[in-house]
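As structure tokens, here come the structures.
First chain A sits with chain B, and in the next complex the same chain sits with chain C.
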Partner chain A sequence: MSFTYFLKRAAFAALALAALMTSAFFLVRLTGDPVDLYLPVDASSAAREAMRVRLGLDASLPVQFLDWAWDMIRLDFGMSLWHNRPAMDVVLEALPNTLALGAIALTLAFVAAIVIGSIAAVNAGGWIDRGVNVLSQAAASVPDFWLGLMGVLLFAVTFRILPTSGFGGPIYWVLPIACLFARPFGTLVQIVRGSMIEALNATFVRTARAKGARDGRVTFVHALRNALLPAVTVTGDLAAQFAGGGGVVEVVFGFPGIGKLLIDGILKRDFAIVQASIFAVAVVIFFINILVDMLYASIDPRVRVE
Partner chain B sequence: MALLEVNDLRVSFDTAAGRILALNGVSFSLNRGEVLALLGESGSGKSVTASAIMDLVPNPPGAIDHGSIRFDGSELLQLPRQERRDLCGDRIALIFQDALAALNPVYPVGWQIAEMFRIHGRTVQGGVEKAVIDLLTAIGIPDPERRAKQYPHEFSGGMRQRIMIAMAVALEPDVIIADEPTTALDVTIQAQVVDLLNAIRKRSDAGMIFITHDLGVVAELADRVAVMYAGRIVETASVFELFDDARHPYSVGLLASQPRMDTDEDELVPIPGSAPNPAALPSGCAFRTRCPRAEKLCAEVVPHLETVGPGRQVACHFPVSPA
Partner chain C sequence: MNKIRKINALSVGMALLVGVALPAYAASDKLTVVVTDEPKSLDPCDTDLSGNSRVMHNNITEALVNLSPKDGSVVPSLATSWRQVDSLTWEFKLREGVTFHDGKVFDAQAVVAALKRGQDPSLACEVGLATLKGIKLTAEAVTPTTLRIKTDVVEPILPNKMSALDIGSPATPGDGKTRAPAGTGPYKLAAWTPGQSVTLTAYDGYWGDKPPIKHATIIWRAESAVRAAMVDTGEAQIAYEIAPQDGTTGQDHAFPNAETSLLRIDAQVPPLNDKRVREALNLAIDRDGLVGTVFHKDAQKAMQVVPPSVFGFNPDIPVWTYDPKKAKALLAAAKADGVPVDKEIVIYGRIGIYPNSSESLEAIQAMLADAGFNARLEMLETSPWLKRLLKPWEKERQPSILQTQIDNTEGDAVFTLPNRFTSDGNQSTIADAKLDKLIADASKSTGDERKKMFQEAFRYIAVDAVNIAPLFHMVTIARVAKNVNYTVDVQAGNEIKLRTVSYR
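And then the complex of A and B:
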């Protein structure tokens, strides 16, 4: 991928980001007035007014918007109302947790799906294939909040081998990863199985057999690389979703990631946190898309851009 | 003893329309240095014959029900799977019809040719890389060092077919099976590819089975011809005998339906009707419904290949009399 191509992509992404941040500015202000939430119901109107002035919420909306736009251009995301620290600092503490959680869960799901999906495709129609089909359908359709609660019930409450929630050593990662693993794994197994069956029936696989290649080589060298593209596409989509946080899973396990931060930010009308989170996630998604494109080109020479 | 001997081969496939016989007792032999053309229309069983020899009949739905394939003294159908696989590519090689589909789109062509050496654990003097460059040079690919790193989609149709040929002959096999290798090419390129294939074959004295429906290529290349119809061989003859003096009404019909330079006939005569549905073949002789010479006996008794001269066999109750 050439540097000019990268710059072109980045320019388009910057435009999209500006539009996204603008809509975020208006949408967070629709959630309500933080002053009502933070001051007691019987606070005097003078106190209310003082807080509005402090937060810059006393000016008219267009003026607020221009102020905000100027801050954005300088990448100044303001102070978090709840944490009383620069919002981006708070976001950058949570983001690595989410990225690590998503990356581990997705990598495991991808690798496991390739192996199991390929085995199912090789045995298409047999009992292994049928077993894999049931398993992957179940994994793809189980809601993650249910899986999370059942995991807590079984491993934390009954067996007492894993913590219910919180954050610390590796042991706190097990249940969140397991919950985030299930759906991508189920979906990817189905996709790998389908594209592998197609690839295994392709003429070039017959050629490989006619050349005398053993079964393992035929499956994993000749067919698999041709079957990878759809799985990479879907994994890229899932990665973009996960970049926004494990959502329910982060909340269920009290996992301090960007998803939990964002939801708390909305509930606490912490405008700065919401805007900084959205900005950080959008930048991450931009790089995920670049990475997916590079993966495409390295897997299939036909999609390489000159 | 013949290099390759196929005897009473029967292959069937499970389809939605029931079990169909793709090959219904096919027998032929191939000698070293000989070119045998398998001639017939689509669905006559030419490609299935090639698949059966290369162990490429998909099972299920296909199965080899009966028969024998002897290669260089050993019975292929009784060899362990792995030993049979090892023969493929090394001693018996297959050239596919559509090189774009048959070459793997995600690997460079040089890599795909080199894979032949790697799969069979062959080492060559000067290294595999050099052997690949030599092969590409031999098949007339200019700038072979650069081209070896390119992918199939970066080549023209004719070039791709040449690469397919280079790959098939890389280990100098004893038998080359070419399954309609020129059908997907322009007429001008066809002749070049046929010449190349023949030159390479002559160099290693390999036997070749050339599958085609193109009588022009048969005349140019083949020593002997086996004409196939509905899963059977209906006539075998030397190429001269077939063109001069075809005995089976189907062979006669095939010849009359194609333009020829060596006779005064202006008019092309098509064979009436169309190839029979393999799930519902006519009783007796499968060709009888389209045959001008068919009589009552043809519907009742299946004609078997009978020797009618040295190296000549015909499966017909009422063959066309010698010219």
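And then the complex of A and C:
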């Protein structure tokens, strides 16, 4: 990948980001202002109006937009109303936790899916394949909310081998990772299995076998490399979803990630938090997409990223 | 042999895992409490909001007085006595030998500063926006232990109101909120890790009895099942707001939380502007059928919007009976007079306002339909719900009833009535000159006269005006570890009384 290519991508991404942030500006404001949520219900209408003035919400929408656009150009995301701190500080505290959680869960899911999906494909139609099929369908469709609560009941309350929730050493990461692992694992196993069956029946595999290559080499070198591309594509999409936070998993386990921050930010109409979160996540997704492109090129030399 | 080795390795692995997995479990002077949400602010002037107050009030910061959980009477805290000098002046004698966690001395000047800060509009303090709203208080330090507060209007219950003003150190910044409060309470803030926990440690210089618990950690989990599980595993010793379906063990204690649930009727829009229709609505609700099913079995049927512990509560108002036949007859009579009773009425609910909030409204919607109402249910997030709760409303609007609940931990009816039941009230669907005068007169009077007038106001609302369908005086559930002594009371929603907690 050349530097020019990167710059070109970055320029497109910047345009997309500007459009995204503009939509975010209008969309969050369509849902109502935060004054009623922020002030006690008994607060007077004068106090409500004073707060609208203090937050600049009394100005017309175009004026608010210009103010906001000027702040965005200077990367000033403003103060979080709820946290009473600079919004980007709050976001940058939560984002690494989410990225680490997502990266670990997704890497484990990807590796496990390749191994198990390949085994199923090699034994296509057999009882192992059928077992894997049931397991992966279940994993792909189980709600992570339910899985989280069951994990707490089983491993924390009954067996007492894991903490119920919280944030700290590696032990606190086990249940959230296990919950986030399930769905991508299930989806990826199905994809790897399907594309492996296709690859294993392809002519280049027959040629490899005819040349005397061993079974393991045929499966994991010749077929798998070709079967990986769809799995990488889907993993890229899943990674982009994960960058936006572990959603309910973060809520159930009290895991201080960007998903919970964003959900709370939307519910509390904390505009600064919502906008800073969207910006940070969008930048991460940009880099994930670059990474996926680079992976394509390294897996399949026919793909040119220029 | 190989198998045995594998099993041994597995056992060692599990043992190690268990060893590591037991993080913050009970020690004799450490306590972990799990609540639903992170506090929004730890500024002393923001304790009017229960989520902040639970962490702060009487733990980190204290007020001049407290309210007794038994009967709402005013009891000493940082003030030892008080008297009304004239109709516009109150005098407080302050406790001596009290210091703030930052070493500053507690005196009348500190209270003057805290009051000024609490009422500063640019800070938008919760206490200034709610409890101290609408009155101008000017405090003067007569001596270091004598404080005089002048009011611009007659304020017979100023001491009650002062229970909401927590006094922070004079070093608290005057130009913004603080995240590192210094108070006079039995605990000082050790750390606030955003998104994770607040930790408190006992303050050696505390003026009162030293608390048995030396280190307290307050954490938050949104899920009731997780909060309950944390007490089971020993990760926490006290968990609040356990949902009825999770709170079924011997460790779960239900207690009245000073909240009263009700449906507010928009009595200004037809057909709900007809009193017979509003009465029919009340008669159509089977309150006995709701309690013990979607509402907790210990919830008490309500006849007014404050619980019995509040000054001004009227014990003589009859509770609505369940009489669908009479409801139908009233609707028929109204219809015969041309009232559009078939018009669709929207029931606005708020998701999660209390446990089973949606289920309760689904049941009520079915009961109303049985009685002949045309009711549609709409569950809202907090923000759009607030738009329905607070004025201004559109002139042309659909007839509606709104699910709400009202809390009164301050112990006097004045904290409930003016905003909700007078013409000027920001949440009031009633504009009745007689009721306005009654509430205004009651607010200015004292003693028995005050009590009688408030009782009459509650009677008038429930029997004459009927712009509410009162439901229940609510209870909430706390799960307490077996080895912990802790008595939950009506103030538990606003105050975790850490200094009263000990291990058995």
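In this text, the second predicted complex is superposed on the first by the 304 of 306 C-alpha atoms of A that agree within 3 Å, B and C clash if a C-alpha of one lies under 4 Å from a C-alpha of the other, contacts with A are read in each partner's own complex, and residues count from 1 in each chain.
Throughout what follows, a residue touches a chain if its C-beta (ideal position, glycine included) is under 8 Å from a C-beta of that chain, and two chains touch if they have at least 3 such contacts.
Because the structure is a prediction, the values reported are computed rather than measured.
In this overlay on chain A, chain B fits alongside chain C without clashing. Contact with chain B, but none with chain C, is seen for A:H222 once the two complexes are overlaid on the shared chain.
Contact with neither chain B nor chain C is seen for A:G194 once the two complexes are overlaid on the shared chain. Note on chain A: of its two partners chain C and chain B, the one contacting more of its residues is C. When the two structures are aligned on the shared chain, A:R214 is found in touch with chain B, with no touch to chain C.
After overlaying the two complexes on the shared chain, residue contacts for A:F204 are found with chain B alone; chain C is out of touch. Contact with chain B, but none with chain C, is seen for A:I299 once the two complexes are overlaid on the shared chain.
In the superposition on chain A, contact of A:V157 is made with chain C only, not with chain B.
Superposition on chain A places chain B within reach of chain C only down to 30 Å, the least C-alpha distance between them.
Once the two complexes are overlaid on chain A, none of the chain A residues touched by chain B in the first is touched by chain C in the second. Per the touch definition, chain C reaches chain A in the complex via residues 14, 17-18, 20-23, 40-41, 48-49, 121-122, 124, 126, 129-130, 133-134, 177, 179, 194-196, 219-223, 225-226, 229-230, 232-233, 235, 381-384, 386-387, 389-391, 419, 426-427. Interface of chain B with chain A (complex): residues 54-56, 82, 85-90, 93-94, 96, 98, 101-108, 115-116, 119-120, 151, 153, 167.
The residues of chain A lying in touch with chain B in their complex are 202-204, 206-214, 217, 222, 225-226, 299-302. On chain A, the positions that touch chain C within their shared complex are 31-32, 34, 36-37, 39-45, 47, 50-51, 54, 82-85, 90, 93-94, 149, 152-153, 156-157, 160-172, 251-254, 256, 260-261, 267, 269.
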